[in-house]
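Given below, in the form of structure tokens, are the structures.
Two complexes come next, and they have one chain in common, chain A, joined by chain B in the first and chain C in the second.
Our next item is the complex of A and B:
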């Protein structure tokens, strides 16, 4: 440094531009500017439509009658409350959410545990990759495929069944089978996701604890309860949360397979809503229902987050 | 009672040989400490004994049973890990009980064993507490109790004290000491802490670079290391080493003048023209007054170390070495002190760093 003394440096007084830039860098304006694109996007595509929907929920507004929209207060909501179909749809949806998420979670954890324990088996990587493919397919193509597989006349499943002497069953056309047939497809599609989550959860378990359990000769279910779950439950809960929200709005898969039928045995709330909105074009009524769905989803999430926080408090308290 | 016999054991990782063609027997019913610096392969060796790591070559026997490729759960061993491993959601009692249930012990037997180990480890008042309420050192005690209660034939400890806070270290060490004196199992204890090894071990196996350099009682290992490394690694500070010339006179070999007052003749297998004298710093006698067997040395540096002992760096005939003075003696008063190397405390090492088979004898008028 000393030998530079007296030598003119290239550093000159900051110009007004540099001054302004420096002020801009130091002020809070800078991070705000960075946020603007996201904020604009979020407001235009998220906030405005949501508010629009909330507003529409209080209007009688149909796209086909051509009549001007009319403010009717909470009449839409009262109509929904009185509508038996909606309540049935709700009930069916809850059953759907509980069964699919539950089975996917249990299968995911068991398979994940199995995969993770077989880390030395050859071909494991290939099997994992193949297992994850259902998740990578678009629900639309999965629905179409399974409609073909389930087909009573030229479907491969019924072909296999006939080999065993079973008379063909119209799985998705049958009032009893349809719901479960569709459920199986959802489970087929989303169990890999829960396996992935389970593997991530297992990855968070300290190696020494598992080694200790091995030396202590604990059977696998005790290892799961006393070691894997205490560490992995946060990640696992996150998976369950995501699956719950997702399965609550299941729509495309079922619509492609059964369109909610036969009768309305596979009509989940999202499909009911879609029909009212884009087949019946009763926009006001549909907006009201959508608002109710939003609140239900928020309620679901809050319960999970509450449980998650309780768990966290408990383990931090120790 | 089970002895652990290790035959030509080798473990290679990608670009590292962790354990090198090792053959050793851990006698049954003894506490053997594997002592060595980080990365010397001691933990890898222990993990192979436990079955958590597969050897590249060689075999491990428990008595006559070959266990080289046996699953850890089949080996009937206990192991305490560096981080306290406890089972969550259970209280202390249930934690210790869990492996006992797997052994299908009746309830009253389980209770009795748990009481017993809890007493030894000093956790009898914590039995009803939830495991998450306990601090690390108590958790580690629970982990130790759990492994001991099962009464496996072999118990392995992998640096169990390292991750416990300083205050609890001594307490845990004491509990372990009590425990190891009562147990009749074969115990292998891995540590890089020499004090720990000195306190707990019946024998210490000193490891370096994947090989065991020496296995001896702590006292023997400390006073007569087979190797320069052993001398340097043990003790705080380690041995003082002084390279000395060997001079020839009348057909006999002598140590160069200046270190011993009287001529010292060397006999035995003398290969080089130099020899390394090793001595524990506290065994060097340093006085302010000249004595019959002492030589002059200059004080280079003084420092106070734990326990009031004084560590001085001395210079004598152009060699610099360290000596430790007892607390009662205090700092040397002058720049010049008088130094004596008691001949029976001196260990001689050859040029290869190994203990040399050379005897010293005083020849007064040579």
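Our next item is the complex of A and C:
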């Protein structure tokens, strides 16, 4: 692609500057220059801190005692392995990721299909903006407000329940309900994102093929399998990937609603780590756990990208 | 005739869904015009005499203008920097495919996947040591780093979708590479740029944890201010929270309203050109 010998370099008089530019453009330097900024960011803000964290994971270092850090080998990691709370947090996080992402994807796809033919909807732009609003709100606000909505005395939800003769439930103070109460808020917030993704995925299906199917009177399930799915699934998979990532990281929303409580029934791994690091200030131990999370993230991402690439190859091949 | 009725019913259903999703937000907006007693009273007061007292109170708080300005500056600058950096890298990755492209793309995505609490520990220590805490550049560049992966993923898809013939035609006609990158390719990936901008801006705009930990009084953004001011003598100051939330949600809503077309097209990661 870089071979352009024989092409006149310039129509006007070639000055030394133009020659230099031309040489630069054709050399390996050009693609490298474009990458310098991203590499600087990557090294300063990712590689250096990560190495720092790896190092700290082997030390006993607390911000409270102020004592100099002490090398303790892999003791932090052994402590984590023995800590039941951590493993419960991990389990709860995976349950959370699967349930929220799953429900949001299903709802998003269903509603996406419903909104697919909405091009003639009066005020479509406004309607879609309203639909997308939940994800535009600061999680700090949303978390706070849902505390009020769920409140046993002042909350709207409990008021509605009492109309049906149900005794008020303290949703976020109750060990059984808290997890689901928080989950409902997450679903309300992020289903719109999956609707957006579903609309984009459906938009990527070529209209000509759909029209041909219309003329051939292909039944809807066949249209779905042979036309919509092969084209749409790549974008849908990307959407699910992004949602999984963000769901794994959920933090502000839950922290502001329940702080991980009651007990630690809503304590996802991110919140547990936050409590240890910035309420307990045990930096060495927290770094070790953060490192484990980094590996989990890398593992997650590799599996997803593998699936994604398979999908991409299939849709390009087909 | 029957077709018209079913069409109307269908449209009514779509609006109903939009309204259901919007209802809690609408309630917050209404709450910002209520007195505290009206706000906490159930059933909800849908009709009441609106008051602007909450807004007067909000804008009389010390530093509120600074916090709003910080929010605007930090989120816009961080995202613009991220998009420029990501676009250059996307072009390079897409056209030259240097060794390690896949690895960098993969690592950047993994980094984005690490929970905030984990990634903030080393950043917190690094910023404390270097004295970057509570500085505007420190905050902006940090958020820029955070916005790069997603932007790069979207933009690479878009640049991949632009035929290399455009580059070749430009070069043959004597344009420099930079001219090709900025004047030929850039205009064609606009939906991707806008989608990346909106998504990252909404994230940075609403971000709480990092700003809370590595920010300070010079770099406080509104979500942190919201949480610090939330409690008064009698518990949560609900009218304040409602008012602040209402004011703060206006910019992202306007952006989504006016750039919706690009947002939808942008989320297709370059696989679709044209309108959805």
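Criterion: the second predicted complex is superposed on the first by the 255 of 318 C-alpha atoms of A that agree within 3 Å, B and C clash if a C-alpha of one lies under 4 Å from a C-alpha of the other, contacts with A are read in each partner's own complex, and residues count from 1 in each chain.
The criterion applied here is as follows: a residue touches a chain if its C-beta (ideal position, glycine included) is under 8 Å from a C-beta of that chain, and two chains touch if they have at least 3 such contacts.
These figures come from a predicted structure and were not determined experimentally.
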Superposition-derived comparison: chain B or chain C, residues of chain A touched: C
First (chain B), second (chain C), both or neither touched by A:226: first
Chain B versus chain C as contact partner of A:287, first or second or both or neither: second
Chain B versus chain C as contact partner of A:214, first or second or both or neither: first
Chain B versus chain C as contact partner of A:110, first or second or both or neither: neither
Which superposed partner A:130 touches (first chain B, second chain C, both, neither): second
Touching both chain B and chain C, residues of chain A: none
Residues of chain A touching chain B in the complex: 206, 208-209, 211-219, 222, 225-227, 230, 314-315, 317-318
Chain A partner contacts - residues on chain B that touch it in the complex: 50, 52, 71-73, 75, 77-79, 81-83, 85, 87-90, 98-99, 102-103, 130-133, 143, 146-147, 150
Chain A contact footprint on chain C (complex, rising order): 7, 10-11, 13-15, 17-19, 21-22, 24-25, 27-28, 40, 42-44, 84-86, 88-89, 91-93, 95-96, 98, 104, 106-119, 121-123, 125-126, 141-142, 144-145, 148, 150, 152, 164, 168, 171-172, 174, 176-177, 181, 202, 205-209, 213, 222-223, 226-227, 230, 236, 238, 241-242, 244-245, 248-249, 252-253, 256-257, 260, 263-265, 267-269, 271-272, 276
Partner chain C, residues of chain A touching it in the complex: 1, 4, 7-11, 21-22, 24-25, 30-32, 34-35, 37-38, 41-42, 45-46, 48-50, 52-53, 56, 111, 114-115, 117-118, 120-123, 125-141, 144-149, 154-156, 159, 188, 191-192, 196-197, 199-201, 203-204, 234-235, 238-239, 242, 245, 248-249, 251-252, 256, 269-271, 273-274, 277-278, 283, 286-287, 289-291, 293-294, 297-298, 300-302, 305
